[in-house]
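Pasting the structures in now, so scroll down.
Paired with chain B in one complex and with chain C in the other, chain A is shared by the two complexes that follow.
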Partner chain A sequence: MELAVFREYLPAYARAALATLGIAALGIVLATAVGLVTAVVQYAQVPVARRVAAVYVELSRNTPLVVQLFFLYYGLPKVGLVWGSGTCAVVGLGFLGGSYMAEAFRSGLDAVEPAQTQSALALGFGPALALRHVVAPQAVALATPAFTANVIFLIKETSVVSIVAYPDLVYVAKDYIGTDYNTAEALFLLVVFYLLIVLPVSLGAAALERRVRRAGFGA
Partner chain B sequence: MTALHLIPEVAPALAPVAGPVVGPVVGPGADVAAAVTPDAGPAARPAPPALSLRGVRKEYPNGFVALDDVTFDVAEREIIAILGPSGCGKSTLLRCVNGLEPIQAGTIALDGASVTGPGTDWSEVRQRVGMVFQNYELFPHLTVLGNLLLGPLKVQKRAKAEATERALELLARVGLADRAGDYPRQLSGGQKQRVAIVRALMMQPEVLLLDEITASLDPEMVREVLDVVLELAADGMTMLIVTHEMSFARAIADRVLFLDAGQIVEQATPDVFFTAPATDRAKQFLNLFEFRTPTKKTASGRGVGHRGDGARPERQPRGPTPWPSQPTPRPTAHRPS
Partner chain C sequence: MPDLGLNVLFEGRNFVRLLGGLWTALWIALAAMAASVVLGLPMGVLMTSRHRLVKLALRGYLEAIRVLPQLVLLFVFYFDLTYVTGVNLSPELAAFIVFTLWGTAEMGDLVRGAITAIPLHQYQSGYALGLKPSQVQAFVVLPQSVRRLLPLAVNLVTRMVKTTSLIVLIGVTEVLKVGQQIIDRNRFQYPDAALWVYATIFLLYFLACFPISRLAQTLERRFAV
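So, the complex of A and B:
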């Protein structure tokens, strides 16, 4: 491996890392929002919406992200909706991640003792107030490990967005391999940059989980 | 005991009644509603009962009838002990009163106003009817103070300063002034239950429902919780108390309701109920809390509990927690001669 090659590639990888982080962050935010709405709709058993939510979860979890991205990038223009590759990447991650997040939050909600709701109701809380002030805070704590696992999962899932021509790390690596044949250097940098992104997140997640566990919610 | 005023605004007595207002004394089968009505002129209309149940029927979705034609009144400041075997419907009864379980027939009225109509504001009813559970059900993510303030601030929209002052005052009265900042997991069972009682009181209820609030506690913690309830009683709180502490029930209650298989089988003053229960089922039930003196064997060097000769080991009788302030004469009828 040549040091000069690394020096040459570094700026492009750095830009691609930022681009990867950007769609990962937006995708995770979107997935979290979609997951929250889906979980609450299912938990509160909102009449029609919970059916829609159930269909969405099955559709999202049982199709690969690659297929979802193809659909967004090549399929939607057929009905007049043309999105850039960045938008497609974020929406794809949100669509996929939303169902994973929904399951995480739902398991958290289900893990809160029903007696907690009863005791809130007995104090005069309405169902929505009880959910917001009593059940949700405990559910969030209980869902934290599943949530952080999803965050890491979604960051890694960004590695397929190059198939819709989004210039992420994999895109840059493939580009250099295709043009310069510096396969070793290109792949080495790819690994290093993914570790640079994911490792801090993993460590942060572990710390967060420890804090939540120490708080001892639900105990 | 000096009045501790755990209840902020003790409602004025119904009428100029002399002496402590005690619940109506009725025998089994007596018409409670009639007994409640004091003999007063038209000018002093009798106050409606604080709580009134008429023909209440509770059928669970699986078809099980947990309450069948339950009718009784509770006067203001009256304390009712609800006794009965496990599964007879005691918890169900309390849960119906504050609407945690819908009822299928009958009416429930608070201060004479029905709360069983379709337009019932259950949030309002539940603020007026406080409930304390067997397993405390404190909110684990909030401190003691957070537990006490959540309802007043979020449901009743009271001022934080006022509610905090009240919370600290009540905590001091139950001996937990220094625990406001602790989380529930840092408290003992008895302390948790005292916090749960204060949390219910924070909503300024008119009636308090206590469902076996000492049943999960170690014996040495039972007393500290029951003392709080006794203080509430002294302050004039109207209460429905489900308990297996027979001596406590006898000490505190104005009236005992004995429930079996979802029906009120007997109601009487504690003295009558505990000494001369009218029904066989009540007698059988009370027998469960009696312990016959084991026939003493001749003194031998054996330790207690040593099993030999096929004889039963001698055991320390473990009855309900003793209630020393109120010696309970036990019925002698069931003792072996």
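So, the complex of A and C:
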């Protein structure tokens, strides 16, 4: 491995790391939104919508992101729906992550004891207010560990977005391997940059979990 | 939409070829899962050991595997190994080894979790009844751990199957690669082939994983403590 090669490659990797982070952030936001809607629809047992949510969760959880992305990027244009690689990547992550987030939120909601809702209703809260002010705050705390696990999972899942030509870290690494044949350097930097992204997030997640537990919500 | 691009699936042996590609992926997943169970069980038991160094080493292995995306592990193992040592593995073998390394770490952690979830009083009650340590392990800890472990291990199978979708990127001719070949071969007769082929692959993966995750759910409910 040569130092000069590292110096030459660093800017491209730094740019790609930002691209990876950007797509991960957008994907996580979309997944969280989809997950929230899905979890609430299932928790409140909204007719019809709850069935749709159940089908969605099974489809999303039982298929790989790579296959979802291939369909979005190469399949959908045939029916006139042409999305760029960034859009495909975010939509794919949202579709995949939405079900994981939904499960996290739902387990959080289910873990709040029914007595909490009953007490709130007895005190004159409506069902929506009870959910908003009594159940949800506790559920958020209970769902935090699963949520942060999903965040890390989704960041790692972004590693496949190069198959739809999104210029992320893997894309850059493959590019350098192909053009310069500096396989060792390119892959070394790939590992280093993923560590730089994932390690701080896992440490932050661990700190957040400790904090939530100290808040006394968790069991 | 022009008249049914869906027909591309029934041209010649296309559909059978897709199934063959899926089988390649499933086969690697199942073989790696079997190896992961065999290696993961002792790893999980060792992770509960009181030996500080053993625990630290296994924990380090688990975290090192977990922190990186599986695709990066595949790349490092497949490309770097050849580049550095000159050993030339087939992509199938490289995929099997990487999935086993990953599966062993995950399985080990599941086993560790299942064992440590057994409350202390179970051990104490066993000893109070006059059981020997080995008997406590065999008749008290093991049966309860297995009930906790089984649904999670079955779930790991679906994760393993889904992860096989990555191996096309190191050159294994599995279902996605076969799909690409079919699309390219029929570019002019069936310009819309991509839609149908990828939808079919999506469905095939679903059909492969859905029964397994259902099984995991059923087991979980049946064994609920």
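Annotations for the structure displayed:
As a working rule, the second predicted complex is superposed on the first by the 217 of 219 C-alpha atoms of A that agree within 3 Å, B and C clash if a C-alpha of one lies under 4 Å from a C-alpha of the other, contacts with A are read in each partner's own complex, and residues count from 1 in each chain.
One rule holds for everything that comes next: a residue touches a chain if its C-beta (ideal position, glycine included) is under 8 Å from a C-beta of that chain, and two chains touch if they have at least 3 such contacts.
Small disclaimer: the values here were computed from a predicted structure and weren't measured.
Of the two partner chains, chain C is the only one that A:75 touches; chain B does not reach it. Once the two complexes are laid over each other on the shared chain, residue contacts for A:196 go to neither chain B nor chain C.
Using the contact criterion defined above for the overlaid structures, shared-chain residue A:138 touches chain B, although it does not reach chain C. Using the contact criterion defined above for the overlaid structures, shared-chain residue A:121 touches chain B, although it does not reach chain C. Measured by the number of chain A residues touched, the leading partner among chain B and chain C is C.
After overlaying the two complexes on the shared chain, residue contacts for A:129 are found with chain B alone; chain C is out of touch. The touching residues of chain C, when paired with chain A in their complex, are 1, 5, 67-72, 75-76, 79-80, 83-84, 158, 162-166, 168-169, 176, 179, 183, 191-192, 194-199, 201-202, 205-206, 209-210, 213. Those residues of chain A that touch chain B in the shared complex are 113, 115-116, 118-126, 129, 133-134, 137-138, 141, 215-219. If you check the complex, the residues on chain A that touch chain C are 58-59, 61-68, 70-71, 74-79, 156-160, 163, 170, 173, 177, 183-184, 187, 190-191, 194-195, 198-199, 202. Residues 98, 100, 122-124, 126-127, 130-131, 133, 135, 137, 139-141, 150-151, 154-156, 183, 185, 199-200, 203 of chain B touch chain A in their complex.
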